[in-house]
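There are two complexes below, and they share subunit A, which is joined by subunit B in the first and by subunit C in the second.
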Partner chain A sequence: MTAQTMSNAGDPAPPETVRESRKRSNRTGYRYFLRRLFRRILPRIGAVIVVLFLIGAVFAPLLTPYDPIVPDYEAVRQPPSSAHWMGTDDLGRDLYTRILYGGRISIFAAFIPLLISSSIGVTLGLIAGTVRGPVETIIMRVMDALLSIPSILLMIVIAGLLGPNLINALIAIGIVGVARYARIVYAETLSVAEREYVLATRALGKSTAGILFQEILPNVTAPIIVIASLSIGGIILAEATLSFLGLGIQPPTPSWGSMVATGNRYLQLAPWMSLAPGAAIFLMVMAVNFLGDGVRDALDPYLSGKM
Partner chain B sequence: MANKQQPLLQVNDLHTYFYTEDGVVKAVDGVNFHVSRGEVLGLVGESGSGKSVTSLSIMRLIGPPGKIVSGEILFDGKPLQTMSEKEMVHIRGDAVSMIFQQPQSSLNPVYTTGDQVAEVFKLHSKMDGAEIDTRTTEMFRMVGIPDPAQKVKAYPHEMSGGQAQRVMIAMGLALSPKLLIADEPTTALDVTIQAQILDLIRNLKEQLETAVILITHDLGVIAEMADRVAVMYAGQIVEQAPVETLFAQPKHPYTQGLLASIPVLGTVKDRLDAIPGAVPNLVDLPPGCHFAARCSARIEYGLDICRHKEPDLLQVGANQEAKCWLYQSDGDHVAPLAGVAPVEKPKAASDPAPVAPAEVHAQRTTRTTTAKTLLDVKKLRKYYPVRGGVMRRVMANVKAVDGVSFTIRAGETLGLVGESGCGKSTIGRTILRLQEPTDGSVQFDGQDVFSMSRQELKGLRRDMQIVLQDPYASLNPRKQIGQSIADGLKVHNIGTAKERKDIIIDMLRKVGLEDYHALRYPHEFSGGQRQRIGIARALALNPKFIVCDEPVSALDVSIQSQVLNLLNDLQDEFDLTYLFVAHDLSVVEHISDRVAIMYLGKMVELASRDDLFRNPLHPYTQSLMSAVPIPDPTLKKERIILKGDVPSPLSPPTGCRFHTRCPLAVDRCKMEEPPFEEKRPDHFAACWEVS
Partner chain C sequence: MIQYIIRRLLATIPVLLIVTFIVFTLMFMAPGDPIYLLVDVEQTDGLTEVQMDALRHELGLDRPLIVQYGDWLWHALQGDLGTSIRGGRQVSDMLKSAFPVSMELALLSIVFALVIAIPIGIYAALKPNSFGDLLGTSLAIGGISAPNFWVALLLVYLFAVKLSLLPSSGFVRFSEDIPANLERMVLPVITLGIGLMASVMRMTRSGMLEVMHQDYIRTARAKGAKEGRVVFKHAFRNAMLPVLTIIGLQFGALLGGAVVIEQIFSLPGMGRLGLDAIFIRDFPVVQGVVLVITLSYLTVNLVVDLLYGLLDPRIRVS
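Right after this comes the complex of A and B.
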């Protein structure tokens, strides 16, 4: 017997809940969702960081006097100073400026593959876990095959086939990420699909698609959000790798990942060159994680009374 | 050593609390009791009453966030609550041992069952390997496992639930402990297996002179096994008495209510007396008696003190103690029933004394038998293919339902009973085409269900609904219950948003909930309330026919009666027809007009309720009925204990499927399958030995 089952008492509801119920009468809709999301401090911090990065990217020209691309051979590899807050790189460009501009690429580059892999992966996982039979076998074996190929190799092949530009690189990164979502969602779906409420809604006459997206999907969101928020960092770096190979964004356009990659070569001489963009990636991943956890909890009705 | 006079176990003022995020859960809140040597103490209560926590406290197995806060546990005069963990290791398994509810999950799947029993000897004795092996085999024989020398090598998954529980008992009794704590030892087992296990515990207890604390929610099991009974409610013992006294003269209103709320096999009442409400939340209990909120006697006698001050557990009769202000005075409060002996039971308590069956049955007439046939099931088969090999070919078929025919008349309730795995739930789901049938036909209201197109089937869903067993699993946790109830209406485009809202509110009221509940999520409800929501969801489409798939088996007894009464009322109000699937014969007898008994995918008997329970023809029905423990300790009935387990539906026995366990089986039964035929007017059975 757990504390949880013991607290499940109260048949009929105690009278004070009448008042309570008015207080939280509107418990759907996105205003209610946002209110719950930002009731806690960490999601708020996460949101602030993400917004700051977005502002930095959009208003970059207003926030820095330097140019992100034009080299300045007078100021090569300078450590952080009052003139260059984060130092300069091997071509004398201001790192702070490059991070602001790089955000334009990197934030975009982080979310496009995320959307691609999660939407395709979740759909495939849901279908495989509910429809079963040959469909399940085919989908999941293809996913296994995807997972068995080293992801960098696969990305290079896909990006190479599609042609070298940023969008194609992002599509490649997205496709490579599909298998992870599919596997997790598939496993969750298998157990959720067996629950009796799914059977009960089938008895009400609901269609398979309705069951997939209205009954099962809301119950498998938690792991999706966790993987999604954790994968941001990897995606930013993957974009850098592809760019490095000439399959993505081309120099001198800045992106955080490519800045880290370039900086690695000067790690002993000028550590700030990779530390500064690294810190940007770290902050972004952390912020998205805080937000992700907040979204997950705000979606969970069980936690609504406790927050 | 210990004084023979003192009780084996004495528990004084035990408090065990759980420190959770929601607050302090007072799971055990001041419990006093004792167990004498060789005695069986029955500890009875609903879920959340604290009976399991009490037993775990005795074993000192309470882990964080739980803690034994105060109290004294004296075992053989030695205080267990202050012992070091090292000393406790010697007590556990050696002097006090425990068996649990789920035998198969209490055994470790990666070791053989023999190794797990041998482990007990290794831990607590100095025997050598060979000696341990012989002792282990001996234990297997003692607990009645067939072919013990072979079975010691079996892994838990290779055993049936009943056998696994025997292994657990072997582990528990391996070192002849002085005290055995059995925590719901038969709750997870089928009734015929339960009879075997109870029989075994009773015999071994006498053989080994072990005292037993038997924890259960089943008053029938208590009546059959216990010498003395302690009734627990919300973390406290509310009444304590010898078993005969407790059942004949329950003093506490909770005990009285509990006894009145259970359907008793052979005794049919129009309506069960239900205790209103549910076990309270153990966090922030209001002051006063924990039962006050649900107590009808408090209102009847106009007692005010119950809400302010907690009564003590005091003597109210010979060896009988109750914790109730009805029998105690305090300051201005004068006990209304003190000294009035014998206490007249409030009308809520039924007389559990056996009444001649014929007389009782006359009290509630079964529904009209002339009504038209609503559902006609013919030769229904449902096989589940077992696939194997690289090509996933069908290797064998699990014949879950194998040629079952029956009809249900409009407005009646057909009870469908059988042990687990007999195919009863499959029938319900196949009729609704929630699972595709293998063969057979179902006519519903003149339409052929199995030949319907997807679109026609959707229309049919309005008329045929299902209420499922597990109230925790049958509601989508991410949806407000109003949305869940409205689901069916949306699917079938019934009404505008406003009209749907009205229907939801109407349905909630019909099942005894409030309209503001519509905006809440499932986890905010108790089990009984969730089952009401499940019923409301099925009712919203205004169906003609509802499959009730074990709708009360996951509920506590006092809640069970509320839901059964509700189903009865709704049937009258909406003219519903039920297929009531259950494993509990008493419940089925209470609610059904006609009853069908199933065994291994076949129907073995079908008759009107009165015929079936008064005059069962099939030997399986007879043994099933005799295996049900009756909550009356004075009733010593002859018991037919079936041998062995239900065979696997993968390879059912030839001929009559019951012949391997049948006390009447003759050679013919092994060869030829008996036809399901009308043996008496309107009384069908499948047996060669019944003419």
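Right after this comes the complex of A and C.
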């Protein structure tokens, strides 16, 4: 935990000063966090790979002369060469180009499920932890049930029933992630709510909502960030898997998972078609996992290797 | 003990009810009129809206969600999971033929993962920060990050296309021809086992590292026990407990991963059954597959918890 939560906890100073000092300690806490994060080699490697992929996705039109969607029937299934250094696909499109553009879907789409699962999960966890009673029982029982269905299966069922397209796939991935946030926020809320400073603010007449957002939420942010950073890799993988199965993005828009699926049909004739996009998924997910591990270690050394 | 088992079994009932209800609700909310799934198009062709409503009423589709769910549940409790909308086969029969395939795949994957991961994990823990340890850790992170469908394609390309060592697809039942069955299971098992292997390796390493610093290890050494005995008799047993938990927890991921793997290798397991059913909106089959997979997952975790008590006398359940 950083200085931020400490100053939050029991600072008796008047409001302005509290805000001031919180701002200052936030900044130093942030620096401290970054220093701890990049102390080790793997998070540094991860960051470099992620930044390279991000640049590739954002500046794709500047980095390649080809179009990711328009077919070129004179260059069908060409092996890697100087003109197409990752080869071309069954419609003659340059694979390197499609991987760059595909990154736009595979990387940026990851944030939608992240937002869905964290916002719903955190809300449900906070509600269950403060309201208690039957509401608590129902919410947490449903979360337990969600966790007992293998996540890929649940995603497939939700995405399949909503109909195969990218948005539905992202919603499915987001829903499946809800339970993890709800559980940890619920547990943290229960423990924080009983602490003396929270009881004291309650005694001073603070409303439940005020206690929730000003006292409890700041205390559960660290575990939320840890879960979020550890789950991005899984989200990218999930989107790729759903697209691979034909439940995610639909052609001709490129995404890494669907490119591997197309390549699967030409494994004997043109192995590069599935190898290259698969390697992109692998590298990206590994890099994000390195970073996620680093974030966890930096925020909470005690959790290292345990989550 | 028996009381504990009964209590745990009872606790799975609400979970199963909620799971099946969630899936039922999803199917209820799914776009598209379910009547077209139950009745041939020729039959509904040219029917007026009133006649359609009558047909819906006849099929019970106009009843509220909760009543329809209750109806399904009532039949499910009697072992009747309905019939597939395609071909009209009994869902329970389809599950019966698919279940052993998925279980074989999952169990062999666990064996594969343990055989590879435990020795490497122990080695990594005994020589922390060595080259071998670094290699093991990288392998573990790689194993978690690699998309399993891609690993499957790499293995097929290498072993089936390039080296022609193993068949890439096709399936032979275990009961029909064991060697042929196992030969076709090699690549799916490796693919599915890699993820679990990575987790087991990490868990074995951290478990062993923790145990090796305990007082009783020092005591064992002090009384002159040989290093091999210290490692395997004193440390290993204790380090294996978290590994057991991981296997239980990861069993769900195995069953989920099997959906993808079975699709790639054309294995007629539950995952493939469910996935095919999703695409054609064969709701009874989808519901049946989710039910059986969830039930297997819960059962495995119950068994793991019971084993835990057997292996570690300190945490005998009261």
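Criterion: the second predicted complex is superposed on the first by the 156 of 307 C-alpha atoms of A that agree within 3 Å, B and C clash if a C-alpha of one lies under 4 Å from a C-alpha of the other, contacts with A are read in each partner's own complex, and residues count from 1 in each chain.
Here, a contact is a pair of C-beta atoms (placed from the backbone, for glycine too) under 8 Å apart; a residue touches a chain by one contact, two chains touch by 3 or more.
Being a predicted model, the structure only gives us computed values, none of them experimental.
Visitor: Which holds for A:267: it touches subunit B only (first), subunit C only (second), both, or neither?
Guide: Touch partner of A:267: subunit C, not subunit B.
Visitor: Go through the superposed model and pick first if A:233 touches only subunit B, second if only subunit C, both, or neither.
Guide: It touches subunit C, and subunit B stays clear.
Visitor: Thinking of the overlay built on chain A, is A:40 touched by subunit B (first), by subunit C (second), by both, or by neither?
Guide: A:40: touches no partner chain.
Visitor: For A:199, decide between first (touching subunit B), second (touching subunit C), both and neither.
Guide: A:199 contacts subunit B only, not subunit C.
Visitor: Scan A:299 for contacts with subunit B and subunit C and give back first, second, both or neither.
Guide: A:299 contacts subunit B only, not subunit C.
Visitor: Could you say whether A:210 touches subunit B, subunit C, both of them, or neither, answering first, second, both or neither?
Guide: A:210: touches subunit B, not subunit C.
Visitor: Under the stated touch criterion, which partner chain does A:77 make contact with: subunit B (first), subunit C (second), both, or neither?
Guide: The answer is neither, since A:77 touches no partner chain.
Visitor: Common interface residues of subunit A with subunit B and subunit C?
Guide: In subunit A, positions 305 sit in both the subunit B and subunit C interfaces.
Visitor: Show which residues of subunit B lie in contact with subunit A when the two form their complex.
Guide: Those residues of subunit B that touch subunit A are 18, 20-22, 25, 27, 47-48, 52-53, 65, 276-283, 429, 432, 434, 457-458, 461-462, 464-466, 468-470, 473-480, 484, 487-488, 491-492, 512-514, 516-517, 519-521, 523-529, 534, 537-538, 541, 559.
Visitor: Considering the complex alone, what residue numbers of subunit A touch subunit B?
Guide: So the residues of subunit A touching subunit B come out as 1, 3, 5-13, 17-18, 21-22, 24-25, 27-28, 195-197, 199-207, 210, 215, 218-219, 299-302, 304-306.
Visitor: Which stretch or stretches of subunit C touch subunit A in the complex?
Guide: For this pair, the touching residues of subunit C are 14-15, 18-19, 22-23, 26-27, 29-31, 141-142, 144-150, 153-154, 156-157, 161, 202, 206, 252-253, 255-257, 259-260, 263-264, 271, 274-275, 278-279, 281, 286, 289-290, 293-294, 297-298.
Visitor: Mind listing the subunit A positions that touch subunit C in their complex?
Guide: Interface residues on subunit A, with respect to subunit C: 141-142, 144-146, 148-153, 156-158, 160-163, 233, 237, 240-241, 244-247, 257, 260-261, 263-264, 267-268, 271, 274-275, 278-279, 281-282, 285-286, 289-290, 305.
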